[in-house]
Amino acid sequence: MLNLEVNIGGLRLKNPVMTASGTYGFGKEYSEYYDLSQLGAVVVKGLTLKPREGNKAPRIAETPAGMLNSVGLQNPGVEAFLEHELPFLRKYNTPVIANIAGNTVEEYCQMAEKLGSQVDAIELNISCPNVKEGGVAFGTKCDSVYNITKNVKQFCKVPLIVKLSPNVTDIVEIALSAEEAGADSLSLINTLLGMAIDINSRKPILANVVGGLSGPAVKPVAVRMVYQVAKAVNIPIIGMGGISSWQDAVEFILAGADAVAVGTYNFVNPAAPIEIIEGIKKYMDKNCYKNLSDFKGKIQAC
Amino acid sequence: MLNLEVNIGGLRLKNPVMTASGTYGFGKEYSEYYDLSQLGAVVVKGLTLKPREGNKAPRIAETPAGMLNSVGLQNPGVEAFLEHELPFLRKYNTPVIANIAGNTVEEYCQMAEKLGSQVDAIELNISCPNVKEGGVAFGTKCDSVYNITKNVKQFCKVPLIVKLSPNVTDIVEIALSAEEAGADSLSLINTLLGMAIDINSRKPILANVVGGLSGPAVKPVAVRMVYQVAKAVNIPIIGMGGISSWQDAVEFILAGADAVAVGTYNFVNPAAPIEIIEGIKKYMDKNCYKNLSDFKGKIQAC
Amino acid sequence: MKNEICELIYNREIAKSTFEMAFRSENMAAAALPGQFVHLKVNEGLYPLLRRPISIHRIDKSSGVVAIIYHIMGQGTEELSKKQSGYIDVMGPLGNGFPIIEGKKCAVVGGGIGTAPLLEVAKNLSDCDAYLGFRNCTYKVEEFEKSCNKVYVTTEDGSVGYKGYITEQLEKYISEYDIVYTCGPKVMMKKVVDICASNNVECYISIEERMGCGIGACLVCACKIKEENGDWHYKKACKDGPVFNAKEVLFDA
Amino acid sequence: MKNEICELIYNREIAKSTFEMAFRSENMAAAALPGQFVHLKVNEGLYPLLRRPISIHRIDKSSGVVAIIYHIMGQGTEELSKKQSGYIDVMGPLGNGFPIIEGKKCAVVGGGIGTAPLLEVAKNLSDCDAYLGFRNCTYKVEEFEKSCNKVYVTTEDGSVGYKGYITEQLEKYISEYDIVYTCGPKVMMKKVVDICASNNVECYISIEERMGCGIGACLVCACKIKEENGDWHYKKACKDGPVFNAKEVLFDA
């Protein structure tokens, strides 16, 4: 019997495949394509304390094997989420993870408090490249990562996942700061900061000038970071960045990820997360693995 | 009359298109495909004080729209370069730029001294992700960037270009440190640190485990960094990272690059640098630009 | 709903760099409304990565065939044009479509490739005129002639129909209409919206925003929509649109 | 030298997942030596990005045609196999090729797809036997029969020829030969090299390393080559090789 279960810092998932924040709305759209109960977990669009309109359009640019986005955390706010969006997701038998972003440490704490135990875990987004006020600023210095994690943890009634930015010199020291401050799990990577220019109009394609790079193009960077962080920390890791197939998911698990998230590729193949779950099963079957731990992190570095 | 000339911190180029270090050997191979005198400049393979064998094979992995390499600075050493490789390049009417890497600041200085004014400029490689001893370690902290630049500058008889690593939290502060220390020009970006795993053999594809990501996949990151740095510094910038067409080259120039370098794409299309020079000419002609400065950095940020 | 791997029926150039493609899908043909779009994977593999949104041009419910018209703009549409046979991965029909309001005197006003989604609108209206503006080469005019009372055609160079812009024709007869449906370049649509506003004619426009998911999950396709109270907020072109009442749309973005 | 856009003549499956492709190039056919390779762009666009190195299988100087045989391993070769007609972007001929030494009794020893480059070697030698090892399906055996004295074939499942590994056959007759040329999986080549060494037979092997530029500029294709004094250093499989004297090669990498 195959067992795909995994424990993410206290959150039990029936399988390791979740959806990445911001690429999956609040689940409604993709629920028309398959039964959300099949998913390991749903991570919802990044929430802020108050509703946000986000940035001006254009908010997307395609790049080689990737895309830039500058949505800028458009969302209805944490209260509207609880009232109007969460009930729908609760109809499904899958954990819901709230991704939160704030302008101040206090805002993050308030949000954690408001969410209480109505969600199954909280993902701390300290790595959004698309908002001026906060986001990424919290995620690039060890002491501020430590500080925000430590503070939010006090208000957090559910497992706390800290989502790391790849736009740093040393991902390992950032990861260690989050772990030390009490993070139950880490997710990585958020988007790389990038830019594209339309040479005909001579304007940046994104109205916001810069945006976050995601998709297959970033996969080698993400796999490297997961590998480095997995060797250094003792908490579970949710790996993401460019996953488009079960082979990619297995690559992240071999690198040391306990679970994976599918982001950009949902746009290309709405059924991607489900096909990835099936693919992982076949891979395990073929290799006679019974549990994810039979191959998680098990690469033979030469 | 179109004028493609550009002055890179004292080094005059007939056009802004050069070849990126490590992708072009010492020019011999590509000289069979076209006349090297057409190039803006040739940047040779990274040199070290003593000959180096480099890392074990496999040293290359293909990734979505990119590649990883872990050559590890295989080179004959600076003396053999001067004796056996430079004379060939000197037959062409194009400047030669030596890319140098060392284990210590002293080594860098010694190399600059040995090269003297036999080359037309020196590119300081403090961003090679593939050598354990030094390379990237020099390039990720402001004080060490300042220190090494300042020291090498004293021994450097030709324009000094500092090549920056993209694997940093804040590229602008690194760039400013190099400028302050006396760099005549900056080149960016070197490769992003990445990794790929073969899920069948369960081994990293590169024998060295991690390697440097280059090619079109990294272009958005490179364009963003060039844009940010160009706004902050007053020295010329050589932009590179994923350039595969004249459109890409123009994108970098619009972002603020004074010149560009073609790396990985030489492997795909040996004539790429020449086709890019032609394309830039046509673009200028079509837009009635007479000089590169007519469009360099001239984007209209919304 | 699902994305469907549809059999390609044809894919041919109908004007310079402009292609018509038809594929078979009983489900999509049965469900599709005028003004909805499909989201296409132009080839296999990761380059280009994202799907491309293209409006539905023709719906043949009896034979289960859907047709689109597209212009080659870049890599994605270029790849699409290379497809000769086989299958194509389609999500759709997506978006809201044009509201078909009967018993009114209507006009469809299209510019260039923006004429494509208007054919089904015209077919579904009993009293409709068409205003079709092109740069130089025209296409599908005869199809509109079959479904419309009058068809006005303009080209910028005057090679077919009137010389000039289609809005110049619309301006002449605007007072005849109750409702205008429009799709085309932003400048043209702005002009159409102005003409309708000045003449108190109801106007529906189909908006083009760059898209990611195409179904409302990623929020990249934001367009500014006015509220009753004068405020505005971002709505999703893919799911709340692409068709909006012209009164609601803020064009500044 | 230049990369050439060559007309595709055919591209057909000759065994399961194994294709033969021929293209026209007067220049390459005129210049090519047995054991050299071509570096192919498998499609247009950026995915896959890099070229793929494939050995030259057949050179027809009179008609200016070059043929290759390749096995589908991943994305690159998969894309290549889809090409039905048109043109293909080829760099070549590249590398050094096998030294053709006359007046000796020779054997070519190939495993699987590694048999492909050996045909031209056999054709250029007057006294040559062939040892061809396959997993289950064989190909091009009749071509070798035309140019060789004796042809030994093995398959792992015994479906054609002897059952087992080709090295078992070579071992029986090794004492007859002066020179052995080999290409195939690393394990097989190691075994061939050992057999030759034990029997004092000169042996040339064609090495497979992952490649970037294919012409000596990027240094990714490093293989360890022994020096006279016992030292070793990295040489380039693409330019110094792919063929080396077996004595020089250090297999540890």
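Things worth noting here:
Here the chain labels run A, B, C and D in written order, and each chain numbers its own residues starting at 1.
Simple rule for what comes next: contacts are C-beta pairs under 8 Å (C-beta built on N, C-alpha and C of every residue); 3 or more make two chains touch, one makes a residue touch a chain.
Fair warning: this is a prediction, and the values are worked out from it, not measured in the lab.
In terms of the stated touch criterion, the partners common to chain B and chain D are A, C, listed by label. The distance from the centre of chain C to the centre of chain D, with each centre set as the mean of the Cα atoms, comes to 55 Å. Separating the centre of chain A from that of chain D, both taken as means of CA atoms, is a distance of 46 Å. Averaged C-alpha coordinates put the centre of chain A at 35 Å from the centre of chain C.
The residues of chain C that reach two or more other chains are 46-47, listed in rising order.
For chain B, residues that reach two or more other chains under the stated contact definition are 56, 61, 64-66, 207, 215-216. Chain contacts here are complete: no pair of chains fails to touch. Remark: chain D residues 46-47 touch chain A in the complex. Taken in their complex, chain A has these residues touching chain B: 56, 61, 63-66, 68, 140-141, 167-170, 192-197, 199, 202-204, 207, 209-210, 213, 215-221, 223-224, 227, 242, 247, 250-251, 254-255, 283, 295, 298-302.
By the touch criterion stated above, chain D contacts chain B in their complex at residues 1-3, 41, 46-51, 76, 91, 209-223, 233-234, 239, 253. Those residues of chain B whose C-beta lies close enough to touch chain D in the complex are 22-25, 28-30, 32-33, 45, 53-62, 64-67, 69, 71, 74, 207, 215-216, 244, 264, 266-271.
Touching chain D in their complex are the following residues of chain A: 64-65.
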